Structures are given as structure tokens and as C-alpha cells.
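Let me begin by presenting the structure, written as C-alpha cells, before commenting on it.
Chain nomenclature is as follows: A, B, C, D, E and F, assigned in order of appearance, with residue numbering initiated at 1 for each chain independently.
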């Protein structure tokens, strides 16, 4: 269990989470990169361009 | 053909009886649907002058297979709770009759939403029963939960007002709206106009629109101001969907605000709310609140983004106008008032994919 | 945020565990939604190669707030029931692995719908595991209920086939299809194509269409013929909705048929069916079966009209392709196979008004 | 086919004057639009009882900026050509008055489409001016071009009938319909219902539908039979588009027919037609006729596919119901009758991409 | 505003030759359509790498029947005018090659819209040919007509920027924007995303949306600021239409402004503009600017309403993004630059009724 | 100028057409493969699956 860097909510990581993996915060939707696993550290992942253009 | 869900409560012995005035309309039809699937209520009557005698399923396909038929509004029997989903002006005219019939009246119109006669004089065409205004409680539990228990009259909010208030309430509570300028740009679906339908709301004319209506002076401004304590510049557009109201609020706060301040305000207000969901950023197709993600449900989606260069907060709020913005809000408030499980009868979580529900 | 319903069965102690392969797709997403609200099942895994690690709600908004995250299809754990919602060809390749993981495999693809290898040679590109074909049972309870209990593999029907079979089965049973000529003209929504999306299925190209596809030789003809015992002339059109399949069947019987014969055939077959609703004539807006009246539900609407001057029976049948035509049918069949209440998890009755769900 | 009009006639000195009765309706509005852009016609009057005195652009946005105002139908002045776009029954009542006002009356209603009073007795509620029936000529130039010159009354075809006739006429001419069984399954947009709009045609109720209407006994069967020499089994569905009629014709010929026979029949009939386009197979997104590819234009798309295993020919035909199926057909016929360039005023080739026009 | 084309130039002897790079896309397809119907231009080449060798009509149905086939962009021949409708970044890379091929290059991308390299560094990813920036002229004739004659490179504006600039330009010119706060809330159709199409723009996901995108920091802010001399708070939403961009501008002027001031500003600027139509109030269904009233046309509709109580001006502006917001604007600018009739090739006035074009 | 094998209409080939190229018939829409160029010979190209599924 760790904390979303965007909204501060708890984020549950599954047991075999690995560094580099991207998870999303189920509270705010932010994409978070797993930087470290023990203890768990998350960082906001670089934003993906929306693919439906402008 | 079991067209409707049945709960596990013993309906006959201890159910709370409920009737609906205006049950052939869009909001009334939703009430029917929600109460038919509600574990605590037992439906008694559903009125319609036009369809009296016909089965409720002949108008509302989800109710097919139920035996209930529309009755005349003049033939109301006593019930525990009376839901009224009539056009503006009807409930204020009949409030005594309705209160005679039921201990709790839950009205979906604008008739008892505002606090004072003066507001009705300013925004509507006055009020025919102003003495009852201070008896009524605004339904929206997120802002008025503590006053619902024991209420005699509950006034369900306007759909555009509900979307706007839910979007901005945490900012108001956090003081961020103090001295702020606020523009609210709303997009709504065609069900907001009710089940009537003239030439302008015909499929041929109403399809594919982004059509301004009420560019200024929308009556919901009154409700919004009452709950947020600040006036907003409000403009509404009809767009091509049936259900849904989406409010984009452009807020210019008086001083600097950080992302952390905002998350603090929103999570503080909504983390424990069963029907409000934050949706702010992220990846994939659904990044911000949008009405089709909550269509058919009592959920609201709320999200925001900071615009540093323009010193602006953009807040998005999306609801289904006939559920969270009307019938669902009314049932939610009744649940609170009567001490039922808050989410009772309101558990449907929506569909994916879904077109333009 | 209770985004999903919870039943009253003690889920932890006696729930039946279930996983979904292909849970990021449209049919798989519906399975997730239905099983999350099902009183008897407990969700174990949901696979997606593309979204592994992400929460299921990031792809399917109705699932927001649930903690389940997609896992890799290669990491399947043992469960009681495995639902597979993968493209045609995947299950036949992996059937041994799937059967190792679960006692009951419910497959939504076409891989186990047909009885014989010869049919796969004729209509598809052959079959890689023909030995398992006679183990599998067709899911549609209305035509195959009695064979579902104890099945090892259940094959959920094709959506167009389901609409057609439900429309014509009573005629087949009554012998009215013997020697009859039958034209089936189908209209379907865009969710039938799955969650992929190339240029032709983009919003700009796919909106507003009445677009013939598979004018002749549609693969579902095989399934239909297998269950009705007669061949049909089948043509499909894409129309502007997301959910829904509507089959108009033009039947030219060999001899005279009366309205009474027809009602006898249909009521005899469907009066006790929990998910089939007759809708034939009447008044108001909704007189015949139409897909939006059943969107989001596991219901089928079936109706007919006699065309005396052309010696024709016109049969209409409407379903939601991803529910009754796929995930809902699969859950219904599993309910039957496992001895659950047939309607468990499938009670949602739909919305009114509703646009193009 | 030039995509834009070229006008070499001196419009001011020798323009042909034209008025429109029923100009506030959907078909009448199209007439206004087409005649306003026509090099040979000069618009005189446009009638509407409801909007008399208002500018035509206040009802029809494409006409904004033009000075013409609606006048009362009782105030008709003499013109060269009078187009009437009123509901069924009005023209037969007023035909003498209309013929007094103009040498050529082009009627868009069903009032003069059929040859005999007996047909009106069978399919409609009789005819109030049967003596004029044999004076009138059916407008559709593809089947009746040679009889249009010099006509006093021209009767523009029904939209569903037009789609069907254009699809099947080459087969009729080639004898392929002799002894054939024919099912016609039509899908149409909401503009077919005209500019009125009751509850059933409201946006909320009419969006997203595949709704059977006139399952049997549609009046256009009479017209179709008159021109094809064979009866057809006809069924209509409302779908979610505003403009467009699409006919899928399932033809079961008496004997074997080859692809070459079919191409011979179709190309023989249509190669020189300025407004019929073959579209049968190919690649990409648009492979068969579909209404949105011809929306806003006077073009018809026609195509077919052989279904060898069912000994069936599937014919697709798509038009814009208010242009080729109504106002455009009327202008085309008038062009032929008056000796104008056939394509005059009808050059618009459509839009891509386009949603649901 | 002439609603119909007039062509007095002898097309054969002195036509100006034109080619299109990126002709298989949505904007390029519109260029094809407009130039094919243009009295002064003769189409030479239309490039597509993906569809090289195929007829242009196989991709764009309105072009069916024309013999032109796509060629490779590497095989460009010399022409008088080269239109480029490629994604951002392509023209800046190939500008020398394009200028070698044609005396006038009209680019539809963002590559030459901004004045300075610094702007491209701030809003885009820099610029690979900054030396050419001051050679290019912004296309929008309403704001830059006097600089188009003799230009070597013309940069057609962004669609959202065009809608916004047209809405606010009269206020800027009248000084009403000085010191004003401005919020621009835009709603756009799916064609804005081009002919590609990933999962998020599939019909199933994109139907029925009111979906925020680019809540803040939209690149078109740069163009808008460049032409209005003030920054705006800009937010965009995808809605369910294919063509159309609608900008609602909420303007808070520094001092009091009257209705008369506003009409003076707007009429002064637009009374003589052939492609701008004022639409502010009135009666009937169409009272304010809306995109479907201008779909398929090069017209913009502009209107406003004063909100006295909030000291706000609400300005509405609606265009077709692929015509006035792109290909039509480019042709209009070329007409001005080459001394043609301004409206040549752009006379189509739109359709009524029309769904979601 | 050669003839569509599907519908019999004339099909114009451009000057530098090459064997193997696919052209479409502008009359019926059929996709045709250029088998030979002098004299031009066309053959119906194998049909592409519609990519919008069933």
C-alpha cells in the first residue's frame, strides 16, 4: 500500500509488482510509475498524448 | 417474464408505500424504474392523465411485465411517501393535497428549491404557496445530508444546478470561490426537455446540434448561488445525447491555488460520498468526467485541471440528468430521510461501451 | 464509493470463483460488469495483455472504484468457472490449458458453437481441436436448457444468430418453417466489431450509416441452420447504434398460417421464459421489438405480423448484442449449468428514455 | 457529371417562374434550396400558413440572406411551374386551382402517382379527383423519361418506392423478376416523417432506433408494383439518421442468373443515367450503396451481390429521401419536361466525411 | 451572399492548375471536392501514399465517377498552386520542394500560422524552417484579406482558432477586449481528428460524448492571441457530431458595453463579408449560431447576447471545421490571392433538415 | 484502356502502370490487379476482409 503522488489516495500494489511498471490510481485516474517496490515508491508517469487528435 | 428486480426484503409486511404523480414523464418514469427495483419501497400508484388505465410498461419499456397501471392524479390514495414529477407550478398549487396524502412529499420540480418568495419573484413567476418554502429541504445529500431526516417536503435539485454545485462545492467549502469569477458552460441532452416534443425537439431538428439555449439568465443560477454563496455566469447548450448534463466550470480564484490544495478540497469533501467519483487526468479514453460514463446511474464524476498560465481552475462535472440530476437524487434523499441504506435501489453502475444513452 | 452492487449471499464462504480471459474487450467487459454484480460468483482474474497492471475501471468506467487489475492471460490461476471472450481461434488453441484451469469453460467465441469439423471447414478456416466439439454445449437456454447441467464447455451463441434463432425457433418447433423460404435482414450496432477500431469503424466514417456488410455468406448462417433445421438467406447491415442487433425475418410458409397459430407457437415457447418478451402491435411509441428497448439487458423482444396478401410472416427480434447476444447469454447458461437462479445477476431492466446505448 | 452548376441562360430575361406550395415543410424546403440555386428558374412564391410573413431563411437556415418571405397558399399568383409539397390529400382537392395558376404542376405527394381510382380505393382512402389521374405522369426519369415532355401534371414518386424501383428496375426490364419472389427491407431517416414532430418522433424517443413501422401493407407497394409489374413483400424500419432511404431487395429469380447477366442488366439501364451510380463490392470503407454517401444529392447508388447457395440476388439501393426521393426527383423531372439540362440545379455531389446528414 | 455559383471565366483556356498533397485525408478530401467544383482551378495531382493508384472516389464518395487517381507525394509535378493538407511538421520539412513545384503554396497545417520561431518553441516542438515564417500569410480573409495578394505561402488557420477569432475579432477591433477577461469553451466534431482512428475515436467509444480534451494549454491559444492581441482561457470538448466547431466566448469587458455598441462592432466588421452571418436571437428553432446550420459550407455564424447581471457578453461562433475551418478557408484565401471572385467554388449553402453532418 | 473483368466497363490505366499494381474500377468499385501492361490485362484482385468485423 502506498500513496498516489497526484491526489494522495492509497494505491494498492499487487504482490509481484516490479519497478518500471505503470499502474493507475483508482481514485483520480493518474498513471503512476513504480520507481521502487520495497518500500513502494510511485512517481507520476509521463503523460500520453490523447490519440484522438485536435 | 421477470422484467423487474425484486429485493430480499419482505415487501408485503414492512415495505414503505410510495406513489408517483407525473409518472408518464421522463423523471417520473425513472422514479418508477428505481422504486420498482428498490428493496424498501412498495409502489402504490403512478399517475398520468393522458395514459390513465394503461400499463406503465406501455410507456416505459423497462417496466414491461409489471401489472401497475396509470391512475388519475385526482384519485390519489394515502401512502408513506409521495414523489411528484410534474412541471413547474403544479406542486406549489397542490402541496396541501399532496401533504394530506403522504407524510413525506419529494418534489422533483423547482417549486420548493429556493428559500424565499423573493427569489421566486426574481427568477420565476412568483410562488403560490410561499409559506411552505421554509419547510422544504433541498435534496442533494452531498450538500444537505444533515437536514434531510424528518423533513416533510424534499425538493430535488435542478439537473444543471446539481452538476454545477457538485463541481464547485468543494471549492466553495475551501474558500476558493471567495472573490472568484466563475463561468459555467453546460451541455445537456434532450431528455432534459421532458417527454413532450414540439417541432424544435423533433429528431430531425434536434440531432447533431450544439445549440445555445438560455445563453444568459438561466433559472438554475438562483439555486447555484444559494448553495455556493456566489453568483456564476451560466450558459447552456443542447448537444446530441438523450441523457446527460456536463458542466465545465472556469474558475478564476482570487489568489494562487495549488494542485495539492485542490485535491485536499475535493477528496476531503467526496472521499466518503457513495455517488461521487473523481476523474482527473490519467490515460486511456476516459480521462475526465463525461456524461456517458455515468449514464443510467446515480453517480457524478468530478474532476479538474489547473491552468497555471491563465490562473484558472477548470472543473468538469458530469451526471445523468434524469438520475443524479432528478429521480435518483430524489430517491437518494428519501433513503437518507427514512434511514435506509443510502445506495438502496441506486446500485446500477452503468454500461460500457455505450453510445448516446 | 460503492460502484458495484453486492448481493446478500455470503460471498466469501461459498462463492463460486470465476475468471475472464479477454476482459479488456467489449464482451469481456460485460462479463466483468455482470459477474461483479452477481450474487453467486466471486471474480478472481481478468486478463488483458495490453492493459495488464491497470485497474479494470480504467478501461471500463462502470467498474471504477473496484480494485481488480488486469493480469496476463499466461498467469491464469485455478478457478471454478473460466469465461473466455477472445477473438475466434484463440479458445480452440488453448482449450486444454483452459480446461486445466477450470471445471467449466464458457466460451463466447465461435470456436465451439458448431457440431462438426465439417461445418468449420465449410464456414470458417477449419478447427484445431475438433475432438472437443461434441463435448461443448450451445449456451442459449431457450433452445438448449436441458443440456447445460453438467457441461464441461459451453459455447455462447453468435449475436446475430441469437437474434435470429429466438425470432424463428417457435416457428421451427411448430413445423411452420418446414418447406418455408426465409429471408433474415439484420441491423447491428458498432460494438459487434469489438474494441479494436480501424479507419472504417472510426466515428466519422461509422456515424449515420446504413452500411451493408456480409451481404451473403455470413458465418452465422451455420449456427442458425444448425438450430432451426433450415437454411436462411441472411444479410447484415451496420446501423448507427453502439449496442443492439435486430433481425427482421421474412418467412414464406408452405401453407396457410393464422394469427392464432402464431400466438400459439410463440406463447407456447416463450410464456415461461424469463428473458423473452413478446411485443407485437399495440399502441404508443414502442409497438414492435426494437433494440433500444432492451439495451443493457439480457432480454429479447420478439414479435410478428401476418402479411396476408403476400402470404408472409414478418418476425422481428431484438437483443443487446453484448448482453443477450454474448456475455449475458453466457452468464445465463452458467446459471443454468450451476443450478443458480436463472436470472441471478441479470436483473437490470433497461432505461427509458434512452438514446443510442 | 459536373459538380457545380454552370448557368448560360440569361436568368433575368427568360427565367421560368416557379412557386412552391408547402414550402415550410421538409420537401418544400428542399425545393426552395434547389430552385434558388437553379440556373433556369426564378422563385416567385413560397407558401406556408404557419409562417406566412416570415423570411424563408427563418425556417430553413440554408436560405438565410434571401429576401423571400412565406405567403399564404390562398394568395397564389400565376407562374410557369407550380411545385406542391403538401400532405397527401391536399393536391387532389386543389388541383383545379393549381392548374389555373400554372401550366405545369409538379406534385410531391401521393395524390397523382397511381394510374387508377381503384388503386386509390385499395391503398388509400379513395380519390377526390380521379378524372385527372390519367393526365399525370410519374416523375422518375429513369423509368418514365419519355413521357415527361409536355406533361400537365407530374407526380413525384414516394421515397421508399423510388429506392426500391431504382434497385429493381433493371431486373424487371431484363425479365429477371418474372416469376421471382421479392422481399424489400427498407431503412429510412426521420425526415421522411415531415416537419411536424409528436412525442414518438422526439429526439429522445427517436434516437438510436431500429424501429419497425408499417411491417406490412405499406402504401408504396402500390407504386412499386405499378412500375415493376410484380408484387413485393415490403417492410420498413426507422433508423437513426435524418436523411436517407436504403432498400435491401432480396430477389429469388425463377431460374439461374449469372453475375454477367446482372451487370448487363444494370449497366445497360444505368450507364448513361446522370444520377445513378453503381457500387458493388470493391474495397475500403464504402463498398455497397449507402445513404450517407448520397446525402444531400440527387444521386442514387445501386449495387448487388449474388448469393449462389441461396439462389438469391441481394440488391442494395440508397437515396436521400428528400432529394432523389422527393424534391430533387421533382426538379429533375421538371428539367426533362421543360427541356433544360437534366442536371441543372442538381449538381451537388455530397460530403465526405459526413455523419448522419 | 450569393447562394449559387456563377462561372463566367473560360475554364478550359486559362484554368489555374492545382495539386493537393495529403488528398486522402479529411481536409485534403474537402480540397478535392471544392477544387473539382471550382470554376477557375483545374485539378492536376492528388497525393496519398496509402491509396496511390486508386481513384479518388474510392476514398471520397462525392468524387466517384471522376477519373483522377492518387499519386505518390514524391512524384509532384509543377503546378500554379499547391495545397498541402498534411499533419503538422510535414510542410515545414518539405517547404523548399513545395515552393519549387508551385508559385503559391497554401498550407492547411499549423506549420506557418505563427509569426515567430519563439512561438513554435513555446507551443509546438520548435520549427525546422523558421526563416520562412515571415514570408507566410495567415489565410483568414476576414482578418487578413489585404495581405493575401501576392503571397508565396498562405497558412490556413486552425479550426478552433478560426471559430474563436471570428467570434471575437469585432470586439478586439472595437477595443472591447482591452483589459477584458475571456473564456472560450469549444465543442468540436470527430472529423477534427483526421482520417486515422484509434480505439478512442472508434464509433463505440466516441458516440454520444461530451468529452473534455485539452482542458488547458491548447495550441490554438497561440494563434488566437496573435490575432486578438489578448490571451484567452481556452477549453475544448469533443461532442457527437462529425463536422463542426462551435466556440462559446464568455467576455468580461473592462467597462460597460451596450447592445448598440455590440451591433455596431459586429455589423461594422461583417456586413460586407460574404461568409459571415449574424444570428443573434430571433424566433423559431435556429436562434443562435450552431454548427449544423453551416455544415458543408464556408459560412460562419456569429451572434452574441448581453448578460447585464453578470457584466458579461456571451459570443457564439459556429463553423464547419473542414470547410471554413480548413479547406474552404484555404480556397477562399487563394481566391483572394489570385484575384478570383471571393465566393468562387464556395457557394454551397447547406442542408435543412440535416442530422449530424 | 482496358476492360473491368467484373462489370465490363472501361478502365483507364495511367502511363506508368506496372504489373502487380491494384487499381479500382470507377464504375463498379471492383479492385483489379494489373496482370500485364502491354496489352493491359486485368484480373479481379483477392477480396480484402472488411475490417469492421462482425
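In this text, a contact is a pair of C-beta atoms (placed from the backbone, for glycine too) under 8 Å apart; a residue touches a chain by one contact, two chains touch by 3 or more.
Listed by chain with UniProt protein names: A, F = Lysine biosynthesis protein LysW.
Source: prediction; values computed, not measured.
> Along the shortest chain of touching chains, how many steps lie between chain B and chain F?
Graph distance in the chain contact network comes out at 2.
> Which chains make contact with chain A and with chain E at once?
The shared contacts of chain A and chain E, listed by label, come to B, C.
> Which pair, A-C or B-C, has more C-beta contacts?
Output for the comparison: B-C.
> Would you mind checking which chain's C-alpha centre is most distant from the centre of chain C?
Taking each chain's C-alpha mean as its centre, the farthest from chain C is E.
> If you average the CA atoms of chain E and of chain F, how far apart do the two points sit, in angstrom?
A distance of 36 Å separates the two centres.
> Provide the C-alpha centroid distance between chain D and chain F, rounded to the nearest whole angstrom.
Chain D and chain F have C-alpha centres separated by 34 Å.
> From the C-alpha centre of chain C to that of chain E, how far is it in Å?
Each chain's C-alpha centroid was found; their separation is 45 Å.
> Provide the C-alpha centroid distance between chain C and chain D, rounded to the nearest whole angstrom.
That gives a centre separation of 39 Å.
> Which residues does chain B have that touch at least 2 chains other than itself?
Within chain B, the residues that touch at least two other chains are 26, 189-191, 195, 199, 204-205, 207-208, 241-242, 279, 282-284, 286-287, 353-357.
> Two or more other chains in contact with one residue: find those residues in chain F.
Residue numbers touching two or more other chains: 24, 29, 50.
> So in the complex, which bits of chain A are touching chain C?
Per the touch definition, chain A meets chain C at residues 12, 14, 17, 21-24, 26, 29.
> Flag every residue of chain B that touches chain C in the complex, lowest number first.
1-5, 8, 26, 29, 33, 36-37, 54, 58-65, 189-191, 195, 241-243, 273-277, 279, 282-284, 286, 293-297, 299, 322, 343, 347-357
> How about chain C: which of its residues touch chain A in the complex?
So the residues of chain C in touch with chain A come to 53-55, 57-58, 64-67, 69.
> What residues of chain A sit close enough to touch chain B in their complex?
That would be residues 6-9, 24-25, 27-31, 45, 47-48, 50 of chain A.
> So in the complex, which bits of chain B are touching chain A?
Where chain B meets chain A, its residues are 259-260, 263-264, 267, 271, 278-283, 286-287, 303.
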